[in-house]
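Structures follow.
Consider the two complexes below, in which chain A is the common component and chain B and chain C are the respective partners.
Here is the complex of A and B:
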């Protein structure tokens, strides 16, 4: 274990200058949201010295805004806040349930979606859900804000597009219109307090006759990053999302998956079950959309 | 006898005396002690599963900032010839598992100690690790211990099989020939950890007069004293051990790991040394229970009568001999009348941590095999699995496979209660499966002591030496209150340190409420005898003319004395005039521990697309003899069931090719979480143990025995085929379903 410093900037500007100053001084800066990953890693995996820069006091990163066309979730917003927001749960049920799957009630008081994304684990539960609902990362950068679709954010195991002088302010999500809904399912051997063996997020839009007009499918924990599954989406569009279409979507997810065998599951297991989850999440999203 | 007693305190459910401190955070556990000038000790652990130690150099570590002591095996007596316990505490010539302690340092801060570990130089000659029973038992296997011969027979080549055991009765082949149906199954059950929440921790301080004091969390501080003395080459009397509250043990805290290291480094520095394990250390370096490979074979007539049975068991001992093959062999057929049998056990070394006791050590694995085979037999006979077991059940007078004749036992009563239980008479839920199994554990007696002290207002202090891992202080207080005839609230039970109370063997073997309870009852009887004597003196009567009724001394019926009854408080208040303070005591080696049988059944449902098994309901019926505090008996039954279900479904040690455990943490060593479990329904059966004053049998271990097979049998019931090995983790179950071409 080494020496640690802590900074709590109040604005994006201040946070950027803190990051720049730490970089200039040759210090390692690490953004801190709820700390539910960072603190555990610091105690067990990587004990090296660093300066924590706390996003929870940055005003812009603590906004939660539900607009007519767009939802904005600041990177510092705790999952518990989202889980208790009925409006959000009704318009983005899949995304919110992905956040609600992470950790215990106590952990959710600190954990954030932004932190889950920036931790960039292949098994991060909110990542496929964010991708499925078309979320865009709003990144504070020395040259001004830049936006990156969530499917392009994570670049590898624990790595992402953020430069040391940048940080995630929050996530912009297009507000689902009409009969649109989403769902996220993950598989774990227990009921909670576990890490995804695989996961699948599905967002879709139905027309008045129940035919799917748009869909997006993303899967997690079956490759080094979450994957978009265009063939699964294509299998759903133009159908009533019936068993046949869902089965085709499942096959597409299984086919695209590039899992590994480890202590949590085998290649064969993950490949098969990610298809099952795609099918089940698709059915849930369909039923939710039909109920609108 | 017990049945005739009109019980007032026993069987009630008062609040446990340690409860408030535990839920408010006041209770002091192993790592909670802080002493002035205390040093922090840390252990350097082997990065190899099997290697010869060529050199350990502590020079640089000793010179590091803040470091005041560093030790290796050379700092302890015995060298390469030291006993297994000592070599497990700190390696000498070889490291035998990944995580085996090689050296330790003590420094002013934890950070300094951690940094110093990196400065210890160790040269290893890496050897092939022996990681499975098949590998270990194969001809020409790499030897974990080159000088070990099976059963000490040096006329045979050295072997990884440390010991064998065999029970035989009748004529096995003739018995199988007599059978109409013979079933044979083979099973593997993985190494599993007790999973206690509190990691091992101790603090030791050694003084200039050669005395040392150790604070630690343990199931038996008298054992810590003797074992620590043994490893250090000290006299027992030089070591005092003070037990803390304990955050779970389940058998895993019946030995020592850190204590001799802390004492030695305190002796070297003159300062207290505190050592704690991380969760990872606990998994890698403390004793789990054996992974096993078992074959079971059983034959029966068409009417279900067993004619013969055999069992072949191979148990992983870990790095040193001592797998629980004895109890594994003794348990496997204990519930049944079997005229012809052969039971064989093998205690096998592998490069994994030395196993330690875990709740009914050895029984869950062997009985998983036999109870699975019996389940198959019931299916082939088209008999209800409870009826088949009832037909062959052991009862009073049955000669157990390991020799003795059972006195009164409650197996039939458990089976009969299960058969009519509403959870059993209810239909199996749509799509689910139901499994039945029985469990057994001998329970043990061993040595205990107790003192009972009466304060001047009649307050009763029970002092005993059995660390309380399951509510035993409440049970001791209830038995004392019952015996003395005073309210429970008037009694406080305490666990004394090694110098404050008489010797007690470890809290284990489900012995505490039975044996230490018996000592408490006898110590209370000693108090009653003294009270009668004091009353006689007060009243100028003979002792024989005084009775003790409902907590008061009274003249016996027919004795002509015009006196007011004397309560415990009255006598205590006047004790100075009648001979001094009231102090009762008893010490014993308890005989007549009563076996506890159980019948468990469960409904489970497999998601055939993911292989996940959900437990819908679980019912545990068990003979407690007498439930002193029924809530804590039920708690034992529920806790054991959950541990057994966890072992059946997900718990296992996963090793990589180099013998490194891959899941040394609670994220990937999956004990069940609360939401995984249904309410575990319990029914306590009371067939009193004739050898305990209140009929106690001991209940802590039997509950973990039956769940493994009950869950396996339920999954078998739904799927239509058996998955013989555990755990029934989703990947294993889905693979089996796919091999069978779909489960529905």
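Here is the complex of A and C:
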């Protein structure tokens, strides 16, 4: 029988050797970021001994860097810290609003975007937003860092590409250039603190005349993983993101969605609403880009 | 199972304790350190009864391991009142009858302290959203909101 243990490595190397040693000893190791999912699961659906490996003391995972070409958000950065960063909010408003939608003030004091991604829930709010803005996962691996686009990271309900000897250091996001912006919307039956019935993230770039030159659309809680909707993006590119283009994007999202019926909504309802959210998020992203 | 040694600061005092690696900070506060002012409501981060501040940031102590308190500053409800009596926030909760059974109250007061430190003059919407992670099944919240507004005014007057 294994036992519970806690390690707080200070560097990527130290964290990797901790994970390798635990794996070699036949122990389960679990990375701990904000803990807002891990702690609840430990007492309910995922009991049993393990070694917690705290990512928050790993120097690289504590970095928040806004560069000329790239933004890096370490896996240990709490969402309240992101939300208090005005520069980040102005360049990636959709991503930050997706994190800001999750939980109460207390939860946001601990919860991280990296943890939301690694928890890999179909309804994780930051996941469609990360996909839309082109985020790449920086994964520490025994052979060196490897990078995986966010749309390829989650493989199923609660599963992802991480091996037991690997962990997520953080997320690398291309800094939006020119008239580029993003937006994320989710639907819940109350005003806050609920799990998405469905969600949609849209990132787009407009040229000087307001014509969309690039777009990415991702939807959440309507399949076992968040989905990229290439047809929705294609419907926006080359247009001024007018009502007709947005309606076509909405139809593309609804068509691609493969939702289930559960207590939060039916297949028909989710399919319909995810289209509406795509349309509205697209309009918000457009208006944000036009205001730049 | 081996206990782990943790050095932390609670309400300004240097504290050392031993805890199991899976014990929550809430369990450590209540069961190991006897600081029972912090309450357990749900133990899932939904109710806010266990709210404490970690390095000035409001968190649920049920969603944090005790071992994660190493090297941080913890503020609990026991650290809110001064040597000369209740804090203004506590006084205003009393004056406005912003509590009935009282189980949620320590969490509300810590959350209110965190709010007013960050934003000394919050509007009602800000107060309601900030406190949305604290559940009260007795008061209906209005009296709590009034107490927070009054506390903010009193603190501004004092300053």
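Note that in this section the second predicted complex is superposed on the first by the 289 of 292 C-alpha atoms of A that agree within 3 Å, B and C clash if a C-alpha of one lies under 4 Å from a C-alpha of the other, contacts with A are read in each partner's own complex, and residues count from 1 in each chain.
Note that contacts are C-beta pairs under 8 Å (C-beta built on N, C-alpha and C of every residue); 3 or more make two chains touch, one makes a residue touch a chain.
Bear in mind the structure is a predicted one, so any value in this text is a computation, not a measurement.
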On chain A, which partner touches more residues: chain B or chain C?
-> C
So, A:153: does it touch chain B (first), chain C (second), both, or neither?
-> neither
Could you say whether A:184 touches chain B, chain C, both of them, or neither, answering first, second, both or neither?
-> neither
Touched partner set for A:195, first chain B, second chain C, both or neither | first
With the two complexes superposed on chain A, say which partner A:107 touches: chain B (first), chain C (second), both, or neither.
-> second
Partner chain(s) touched by A:167 [first = chain B, second = chain C, both, neither] | neither
Touching partner for A:42 - first (chain B), second (chain C), both, neither = second
Touching both chain B and chain C, residues of chain A | 192-193
Which part of chain B faces chain A closely enough to touch in the complex?
-> 111, 114, 609-612, 649-650, 654, 662-663, 667-668, 670, 672-673, 675-676, 729-731, 734-735, 738
Along chain C, where are the residues that touch chain A in the complex?
-> 1-2, 4, 20-22, 24, 43-46, 48, 51, 54, 57-60, 62-65, 67-68, 70, 111, 114-115, 129-134
Would you pull the chain A residues touching chain B in the complex into a rising list?
-> 1, 187, 189-195, 197, 262-266, 268-269, 272-273, 276
Using the touch rule from the top, collect the residues of chain A that touch chain C in their complex.
-> 3-6, 8, 32, 34-36, 39-40, 42-44, 52, 54, 56, 78, 80, 103-107, 109-110, 192-193
